[in-house]
């Protein structure tokens, strides 16, 4: 299965060793984003994966391209235009101190100002089997919304699978009528989607699905309505002051949940993308639901133990830890 | 409320990443000290804060000054004389391995050799509302003891509040008659103090208060004797191999204790100063005791999660974690 | 003399040790800009200096503020609004390889979107003796142009000196009619200015002063027209494959030039600002022209030997090297 | 007691801060190996210790020598020949992610190609009281096996104690007849040994000792057969998702076990060597079994909290933590 | 034109900031080698380039692969087998102190032990237009010699261009009869080659061409004999204690030399490969000789100013500096 | 020949990459001092060398000891007492910006407060052939002066050679009568000395030798008076803005000078000690004067190209560069 993702490449800047930005003038530079993270992880898993985005036409665009190539992502579908890349600063938390993310201008980035005319979506659809679209594109700018909708339609037209994640944050959509507007956008893209990542909260708060019957019934009705193959997500809990995570996965008939896993977080950001990459692997390989959800959850657990957003796990590594959860040294 | 602190600026030198001094030749340089830590934290909290000290009249003095300015501390009350700054090496502990601090010559530092004639204490008292004096000044050298006493008297004379912390270490005062001498020094300064940080151990072992009645009674009698407004401190305990901390705070009528908080320590040094800054904030804002002690304790908990001695927390951050203790990501 | 500068604070990001951006993921973070550089240098020289700008209302704004404070710049005139700071990446050159600067979005920065209503210019004018305005403000955005003009007028109205530098880059103004438009803007601000930094190229290409008579005559006519006290700039040449610099300085009657100095460049950026700070020092101190221009040129020479844009020289250091140009060790 | 160890010096290369090799191009370089680790630890404990090995006759050999000297190991018994040093890359694990070790060519290292003719074993035996031989020498190459057997015989002939550790990994010995061959090699060296480090697994799987009677009986029979003074090892367990370790130690009559200790691992590699160094210290000092095993186990616990393979603990530090297990700051 | 190179990938380990290996335990890790350098540079120049080699089948092989991908080199022709990669340590020189390179075992590397059966040379020849073979392969091991000869023959058979560089070091071939043997090997491969990099020294000392007539004649006779299209190389000289370089380039009729260029060396290694990449670019583009040799020489000059072996120059950058040699800042 | 040196070990702290102390909080830690530098260089040259000093009895003393051991210096003659080590901060210069050294308290260091009773000088004299004493000991404190005189006498009594360097700085001896006092001290120690490092300035300004006759005559008279075997030093000059150095060396009959060598300084400090180590090598090996002075001068030239004070050159390296001054790469 050949994968492509449509989404923004962001520059992540983080101080070393849990330092705050006012404690050092050293920063670590990484190129990241939902699409980057998932495609990089799938490339690590051995799949052909591409990114569909617009990068700045300058040194930063070149450097971002070489970073993507290093992750094993194909760079043939990249475009280069304009001069700005979105960025964020991540001050890594420790103990009770939360990780603090500060975004810099994303709306005027090369990606943010590019609508569907900046891309060759027909080619994207023709050359790939499954295309991932991040929900953030629907709320970022008019241009990215336009591009996301167009790509979803082109992909569906070409008979390819569309994978979509809600990635909806109510706190970012508090303007009057914004929620209603966003609801429409999500309702417009969902009919083209085969795989969806989300939560019951997304169904209730954004799509305003009525809360009748069990959670399972609500999800199956939603999947029915939009003819969705797989719906997946995670739940985070705390037990004995240890943070934990559990994955869930529905097809139209069944539901599977993973074991509840302890989280030991070196870097919390990007773990959701590792979960998505794990689910897509099970989808590509036709694994049973339960095998898929266990793999995806352990992949997300391991992503917590790796610096940066990009989950550099391998299939072999995930299987090794699933089989032997106490292993602490491999020679 | 305008704050000033009298105390030594020390140069802290620490190897990176939990390395020992014989494992690397890289060191991190920080400027620190009880006064620096509390004033920096209060500046972060939005208060006007100054440091009253003597720095070396050379490059290190200039560098220390710019470090203080970076923390937001006012530098107008600094003096520059002599050529030596006290320093210490901190090898950060991990797990069962304790943090190891090695002091270098403090007695001959620019601060250590300066008595009250090196300062304009009248100006200090005139321009500030609350003046913090660290108990270490009483035992460091004859000159610093002289300066501390003079400053306490000047401040009281000008009708300003004096805040004092015991910071007494019996192990450093084992010479014959040293304890008796130190007792006299503490008894001499306490009548000028409105806020005192200490422990029952300080009252029993140093001031040799008789152990009659409950701990509360002992503390209230001590406060009565010296007309102290607030007396505060912390207790460290261990539960299920997790380290914990609890703050306490007395006014002349009431006692409040904070919730017992888990400690996850990135850097253990300086957390007591964060507690003090939290208490002073409550004092400045006329917060109720219990609100103050919860704020101060959480501030100390967060200070454990920040590298270096200087607690770079903000009020907003402390409130956020108090309200939502499981938060691990802020965007 | 109390100085203030109006201008953008930019985030500079540079890889260490002459590495390219694709060779490392370590970056050094510095806060810089013409105003920052000159005010920082004047603060190092012992003057009271302030920055007038809008910083983002987030962690980056706070970190920028503490960086300015560290340089000794007063932070009372800073405003905080919006969420973006302009940034640039500097890949340091070596030998024949030029330094390569890549700018990120400056137009939508907190500074870029703020017009005069974001500032209290009356206060700025009231509290300072000399106000520096960078020519870049005239071409950056409509808002910054508005702010620059307003400030120049307010300062002149209050009887304060305005210092202005052309900082004009023809290559950035190639749109049709842009040059004519820019000429108007410069002509509009010059009547308020007492000190101007520029080159004959600026007079010829931008202001389109007719090329009659000698260079000296052209400059004196220009100064006459706008009632300018001092006009200053530098010339860069090459001799025997060694790069060199010479400063010039005019008052209404005389011209002085410095010795031609070799340049050994550790970091080329920001040296012009060191020159400006040197000239302003001579202006503040009423030094003779020739003494001023020698001081300013050597200050610029030393700025080439210091990492980053901000010239951290001291007066004493400049005098020492002027007196003893072969000194290579100070103990 | 004067100690010497025979064994390979390896170059360890590790990325900083839990990064993976594809996330950085910074590496930390350390010189390590079972012999290095034990001798370095004994030198830290105040004993005279030497390493017997062949290092490359080039810059790496010199650098390795100076690294050994830094640990306090005597370098008089080193030889220099050939041009290759064995190396390994250690990607430090975190949480559920295991540490990953990748070995580079060891068979052709200066040590790997050197048989007994490269050494002056007579001198080694004459000048030392106890000689440590690592079991890896028996399986590395024909040359190292030859050297190990010869040294054991020379030492025994000179009346000196030989200390041997099994260090046997079945997974590395899966070729047909390899196990039988290795069994012979171990049986050949054991008669010369006074102290042996191993596990019941080594006795059962490698030496194929029949499993009759209790574990204690099996061990005592084994010790009897080869006239072994002390047999020691550790067991790793997990309780409540905390990793733990317990040491055991037998002489011909008694058995002692240590308290079960929690492990907080900064760097897992090398802790077994710290245990061995602790046991040898008890042997040298004629400490009772139980005191020895407690000391050795705590030494291993502390070695887990120190970066790198080399346990840089001191006797004083081990005693301090044994007495006061909750200590977290030493000034 | 599609390029491929056959050659070893080596791990380069260098201490930072001109430090010696005994002064730090930090190392910078780079993946390099003649083939890597040339293909990376050609990829930077916009060409399709591949590497043909065997990498270890372990973490180091994966990391090397991602490093190549980052340079833009296609990784489809890589094989993975065995477990060792050749490496070298480079202590960067400064002033009169020469750069010091220490090689580690290359003979037993994955590349060193692989003969032609490890590759699909038919595919390599089919998919590329020009194949570069480094002369080191002829002397490294029997296996690499076999592979090099086979590839040259396959490429020629498929009608593709072979590019070969002598890279001959007499000092490494001092065994009796080694020179005669090497002469045979070079004579065996040259008939398949269209482009050759070398020096007159190679012709005289290795091929033992008789020294009759001028240098030009000697070279043209050599080119005639083996039907070589282009022969190119560089000469290093010193003038006024400045190091300099000049390139030369012959086709069968003409000779061109570049301007003599000053060398300012940040990192001396790999500059020859930049020269080769420049020449191949001229060959691919059918540039005139003189244009080609100027481009190639300036490319080599710039390669001296870039850390590491891999020349990360771009065409645009080379042209910019050729046109404007004094440029020191690009914005 | 076995060497020992008596002198202070200092902690040198330097920011990386030519940064100023206010630009970074990273420091590099090195242990240095005249005695350390010379003994380390002699150890690198293959000689048995020891340091005679008092180090603090704490972690810093241990770390200093391991640093000395790493240089190959024997640590048997070290003592440990008190708790302070002298330190200095070195901000590395660049171009016209001089290196700036800031000393911290040296008078109260463990070395500074130790007189002859802290040492076993008899043992020092018995076990070594040549003992180096640095002139700084004569002016540091009463205690170090006492120790230096005692050691010189003990060494002479035991028939061992004493080597002494003036290291006199008039600027540090400006108190009234200080010069006369220092003159006495130097006159008191010189009769015990066989080798002296100094300048004609030392003879004229400190010893107040009358300026009659040529410089050579003055030096020979001085040598005659104190029965000195060898007198040596260097002269620094500038030609064409390149810094240069020339060494000179006298025995009682002859004078030799080295070639004038260009200096390319990475780190200027410690080069004089490299010169001294070179001279002592010639003395130990009975080399002719001219061979010795050339070796010593080139050793000093190379020391300028090595970070830190400690000259980590080898004999082989010095000879290589003497023979082949243009060599820039050794493989």
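Read from first to last, the chains carry the letters A, B, C, D, E and F; within each, the first residue is number 1.
FYI, a contact is a pair of C-beta atoms (placed from the backbone, for glycine too) under 8 Å apart; a residue touches a chain by one contact, two chains touch by 3 or more.
Worth saying up front: this structure is predicted, and the values here are computed from it rather than measured.
Student: Since chain E and chain F are copies of the same chain sequence, what is the angle of the rotation superposing the Cα atoms of one on the other, rounded to the nearest 5°?
Tutor: The superposition gives an angle of 120 degrees.
Student: Tell me which chain's centre, taken as the mean of its C-alpha atoms, is farthest from chain A.
Tutor: Comparing chain centres, F lies farthest from chain A.
Student: Please report how many Å separate the Cα centroid of chain A from that of chain F, as a whole number.
Tutor: That gives a centre separation of 63 Å.
Student: What is the distance in Å between the mean C-alpha positions of chain D and chain F?
Tutor: One centre to the other, that is 42 Å.
Student: Roughly how far is chain B from chain F, going centre to centre by Cα mean, in whole Å?
Tutor: About 44 Å, centre to centre.
Student: Would you give the residues of chain E that are in contact with at least 2 other chains, written as numbers and ranges?
Tutor: 17, 22-23, 25, 66, 70, 100, 103, 265
Student: Taking the touch rule as given, give the residues of chain C at its contact with chain A in the complex, in rising order.
Tutor: Touch list, chain C to chain A: 13, 21-22, 25-30, 58-60, 62-63, 66, 83-85, 87, 89, 91, 100, 102-105, 107-109.
Student: Sort out for me which residues of chain F touch chain E in the complex.
Tutor: 16-17, 70, 242, 261-266, 298, 301-302, 304-308, 312, 317, 320-321, 325-331
Student: Quick check on the complex: what are the chain C residues that touch chain E?
Tutor: Residue positions touching the partner: 17-20, 22-23, 93-101, 103, 238, 241, 243, 265, 268-269.
Student: Within their complex, state which residues of chain B touch chain C.
Tutor: 66-67, 69-72
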